[in-house]
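The next part holds the structures, each set out as structure tokens.
Two complexes follow with subunit A in common, the first pairing it with subunit B and the second with subunit C.
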Partner chain A sequence: MKIIVPVKTNPDLQMIRIKNREPILEAVPYKVGDLDKNSVEAALQLQAAVGDTQVVALTIAEGNRKIKDTMKEVLAMGADEAYILSDDALTAADQAGKALALAKAIEKIGGADLIVFAEGSTDNYSGQMGPRVAELLALPEIGYAKKLTVADGKLTAERGMGDLIEVLESSLPAVVTVTSEINEPRIPTLMNIMKAGKKPTTEWTLGDVGLDAAAVAPQKAVLSNLAEEQQRKNVMIEGSAEEQCAALIDALIKDGVLEA
Partner chain B sequence: MEKVDCIVVGGGLAGLSAAYGLASEGLEVILIERGDYAGAKNVTGGRLYVSPIRDMYPELWEAAPFERPVTREFITLLNSGNATTIEFASDKFAAQPYQSYTVLRATLDLWLSEQVMEKGGMVITNQRVDELLMEDGKVIGIRAGEDEIGADMTIVAEGVLGLVSTKAGLRQKPSWKDHAVGFKETIELPQEVIESRWHLSPGQGAAHLFMGEVTKGMLGGGFLYTNKSSISFGIVLGMKDAKERADKIDVYTLLDDFKAHPHVAPLVAGGELLEYSAHVISEAGYAGIPQLYGDGYLLAGDTAGLALNQLYTVRGMDFAVASGYYAAKATLEAKQQGDLSAAGPMYEKMMRDTWVIKDLETAQHIPHFIENPRIFTHYPQSVGRIFERLFTLTSDPTEGIYHKVMGSVKQDFVNAKTVKELMGVRKI
Partner chain C sequence: MDFRFTPEQELYRQSIRQWLETNLWPRARGIDEAEDGIPTDITEGMASMGMFGTTIPERFGGLDIPDEERMVYAMITIFEIARADMSMSTPVYTLLTIGWAYIINKYGTQQLKELVLPKVAEGKCFCGINTTEPGGGSDLANITTIAPPEGDYYVFSGEKAYISGPKECAKWGYPSGHCTLAKTDPNAGYKGMSFIYVPRDTEGITDHVYKDMGRMGLSTGGFIYKGAKVPKWCLLGEEGKGFYVNMDGFNAARIIVAAACLGGAEKSLELSRDYCKQRVLFGKPISKAERISFEMADDWMQLDMLKLNLTRAAWMYGYNDVNPGTFSRAELNKVVSTCKCLSPTLGHDIARHGMIYHGGFGYTKDTPLEMMLRGVMSYEVGAEGGLNIMRGIICRDEFGDEYNPFKD
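Right, the complex of A and B next:
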């Protein structure tokens, strides 16, 4: 079986500082998204369960100049091979453009029995890649799976629906997106990190997958993506520590946060 | 067991410098660093003396992402009611080649690790070396988690605590009494503000040391280094004093008190706290240097006790780079001779024949000298008193300048205790 795991690398969210409501991205290193590690782990667990399976990681560079190094993390986790699609045009692309690029790359790789996405990207979390790519490749798609099994050429996926669990079955090939609760991603071992450097990595540009800048040009423009500004109460409590505590408790009771 | 030519434990300046030298000559080297990336956890005050190490890897220092060259020096004797600052600027320091630079380790170490990889070295991060593998007293490799890797040579550059090398018996467990603890804040300030507060031309930098009230009389001092658009601001404090006086002094408020001191507050005003960090520094000096090598291994950087507190400056980064450089050089030469066991003695000789160990030896009396608490109380206060008297004018008839100065000097410096102490200065 062949499993393709499209992953996204994003600036290390812990290293980003916000200044004047803008993230400072300068000098922030890129990492494989935390949620993407769940999808890689899911593919690796299927590989172990099914046997004779190849796990292929695929990514779009999106401004990450050191993407080859970043992708080593996925190879160190256990993926067998990596494909990287880099093109300046992709940095500005919107979800439609990126999904198209991913779909074309998947075709060029030769397709797969199963394509495992994360439920969304760790930074922007639009959650569109799975369904869009499935649509472009005309494949069935199951979203937000928290358990996956492959047997007898079929995919079985469980989805948590609040109080109940929905169990879905699909023929292969198929696209699936997985939630973060599906597993605990493994931390690569020293040996596997050393081996990762020797695993094949193929780098493509848009031209290699039969696209050009126009094909992925954004069809919409993001005007603003700021969080709602919250009005703080700005209450200052003064006095000794004891007085402050008492006044704070009173204030919290008054606001209904604490019960009297 | 997988085997490589060399393993380097620790991606600080010592380890990176060793790995760079080895990789440059085509040896198969892997450097193992426990942090997310090289430099992620590394703390320093902030000033790297490049002049001693310029000829080692000159191509690196020309391109390295330093913050600012230090062209202006400030020393402030801080008391509770006054402050005396000496500002020193020299055309020599303000011209190329600069002798020292302020640095941020997260930037510098990360960049160096990229240079190691460019040379074909492997830098593996997020992996902790748990122990050294020993066979008949010889270090034959490392274990990290479940994985064991063998190496002909292991260079241990794991920093000041040296847990791995201590556990393997390669050095004695260091005593906390010989150590200081440094804590610092990185505070963001606009470039123009930095340049105007420290009287700097654009792009140039300052080193500003503080003594006295900073440590409330305990061994240590304050430092402030100007980066591009931030300052590194902190305190170094001897652990022995800190522990002995812990009941009377709230050590954890020292940094806040320092920052709030009326003569310091204007320097940091308006800054935004970017990062807080703390780290241990060896103060043992020459006496603290362990056996630098043994069968299959070399010790480098802080692990080899190579740090120097000269009061007006802390050195350790230049020692780290130099020891890494010589560790690589000795390993390469020994390998060429076909006898790796020659690397250890060669390494030790290189270190002893050059400024590295010599500078530590020259400074060997400093640790004892600075144990005297009066350095951090009496002397800063005395200097403050001289100037306070000199600049005081009241409605009383004033004394002559000579009397003003000499009055204070006599009172504070011409007594048996002080004279004896000042004689002791000759040793340092």
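Right, the complex of A and C next:
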């Protein structure tokens, strides 16, 4: 079986400082998204369960950065091979353009029995890549799976729907997106880190997958990218513990947090 | 020239930091309080992450990393462990084992390497260092433990004191033991010394343990040798050259000792940084009090400089092993001694400053700062070379014989 895991590298969110409500991205290191590690882990667990399976990681170099070293983490987790799409034209691409580029790259790799996405990216979390790529490749798609099994040429996925768990079955090939609760991603060991550098990594431009800049030109514009403002109320409640509790409950009811 | 870690080194650092924050950090206080060693599930996990294999070649069960980078990987390992266990118990346990395994690999016989190194890489063997005697550990030329050759053995008689690991040897059993300095030719002064790996389970050895002030998860004690026979294939380097082999081993050990002190120091400073931002006094956070913030800035500057020098030391040592003669012994000694002299004191200072910023809270066991203070003091009082011995080395190797305090 062949599993392709498209992953996203994003700025290390802990290293981003906010100034005048705008994120400062200068010199912030990029890393593989936390949610993307869940999808890699899911693929690796299927590989272990099914056997004779190849796990291929695929990514777009965000901002056309040099990310070969960043992708070593995915290879160190256990992916067998990596493909990186790098192109200046992709830096401004929106979800539609990126999905098209990923779909074309998947075709060029030769397709897959299963394509595993994270439920969304760790930075923007639009959650569009899985469904869009499935549509472009005309494949069935199951979103937000929290458990995956592959047996007898079929995919079975469980997803939590609040009060109930839905079990879905799909023929292969298929696209699936997984939630963070599906697993605890493994941490690469030093042995696997040293092996990662020897695994094949292929770098492609848009031209290599049969696209040009016009094909991925953005169809929407980002007008602003501001951090949410959180105004603190700074209300001090005084008195004995009992009085403070009563006053706090009153205040929470007044704000609509609690029901009277 | 490039001052950055390689992508592999950086990925390793991030990976073990995540593992240690999850698995060791929440357990460190318990290790300090239980006084019963490092829990086996932790050493097993560390071994599976590769932490015990950094200094051991793949053919002896270790890892396929470039030989000249092994000390850098060891440094990263110990630095990160110390951030997670500020009591210094787990970092010191690990640095002794992987540091002296490096020396066993460098100087040991094939038989010794095959016996000890795979077990170390698996995390199932303790290795330590055994030079100090009841009379002291700074003037090693005058030790009194003897090990004259007899047939295929060296026969040990004497006593060693303030040695880490008696209980750890008992836990893991054979072949856990210590790289031991003894006089194989009792009449020849330091030229009659040999450096020999002594498995603790050798007949004729008894031990005892002390009550320490800190790093409670690692035992310290002494050994008494009465006719203990150790096979000659346990010799490290050449007979009669033990003093030099021991000193070379100390350079390796001092690098990772400094890594332990600086890892704990960095974490201490981070704890203080976070606390002072949210502790409000006289209407503003105490981070705005320059008496505090400027001291933190001073501490950060010294920490940053020492981290840089430590990385240089780890790189120089490993590079020189693969490309012998690149650096003279004196050059290496000076860089390493700088790290070993300044890091324990800085670690102590940063922990103590942090305790003061925390006020009464800092004096409780609800912060790990007091644990750091107690643990790091072991390296101020002497372990792996006292601070004034480091100054003496720099006098000798920088200013010349007229300044050598070790010779008349």
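To be clear about the criterion, the second predicted complex is superposed on the first by the 224 of 260 C-alpha atoms of A that agree within 3 Å, B and C clash if a C-alpha of one lies under 4 Å from a C-alpha of the other, contacts with A are read in each partner's own complex, and residues count from 1 in each chain.
Here is the rule we use: contacts are C-beta pairs under 8 Å (C-beta built on N, C-alpha and C of every residue); 3 or more make two chains touch, one makes a residue touch a chain.
Fair warning: this is a prediction, and the values are worked out from it, not measured in the lab.
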{"item": "Room on subunit A for both subunit B and subunit C (clash or fit)", "value": "clash"}
{"item": "Touched partner set for A:G197, first subunit B, second subunit C, both or neither", "value": "both"}
{"item": "Subunit B versus subunit C as contact partner of A:K154, first or second or both or neither", "value": "neither"}
{"item": "Which superposed partner A:R65 touches (first subunit B, second subunit C, both, neither)", "value": "neither"}
{"item": "Touching partner for A:R17 - first (subunit B), second (subunit C), both, neither", "value": "first"}
{"item": "Touching partner for A:A27 - first (subunit B), second (subunit C), both, neither", "value": "first"}
{"item": "Touched partner set for A:I187, first subunit B, second subunit C, both or neither", "value": "both"}
{"item": "Shared contact residues on subunit A - subunit B and subunit C", "value": "69, 187-191, 193-194, 197"}
{"item": "Subunit B - residues contacting subunit A, complex", "value": "2, 30, 32, 36-37, 107, 110, 117, 122, 124, 126-127, 144-147, 149, 274"}
{"item": "In the complex, subunit A residues that touch subunit B", "value": "12, 17, 27, 29, 69, 187-191, 193-194, 197"}
{"item": "Subunit C - residues contacting subunit A, complex", "value": "7-8, 11-12, 15-16, 18-19, 48-51, 53-54, 63-65, 73"}
{"item": "Contact set on subunit A toward subunit C in their complex", "value": "69, 72-73, 76, 187-191, 193-194, 196-197"}
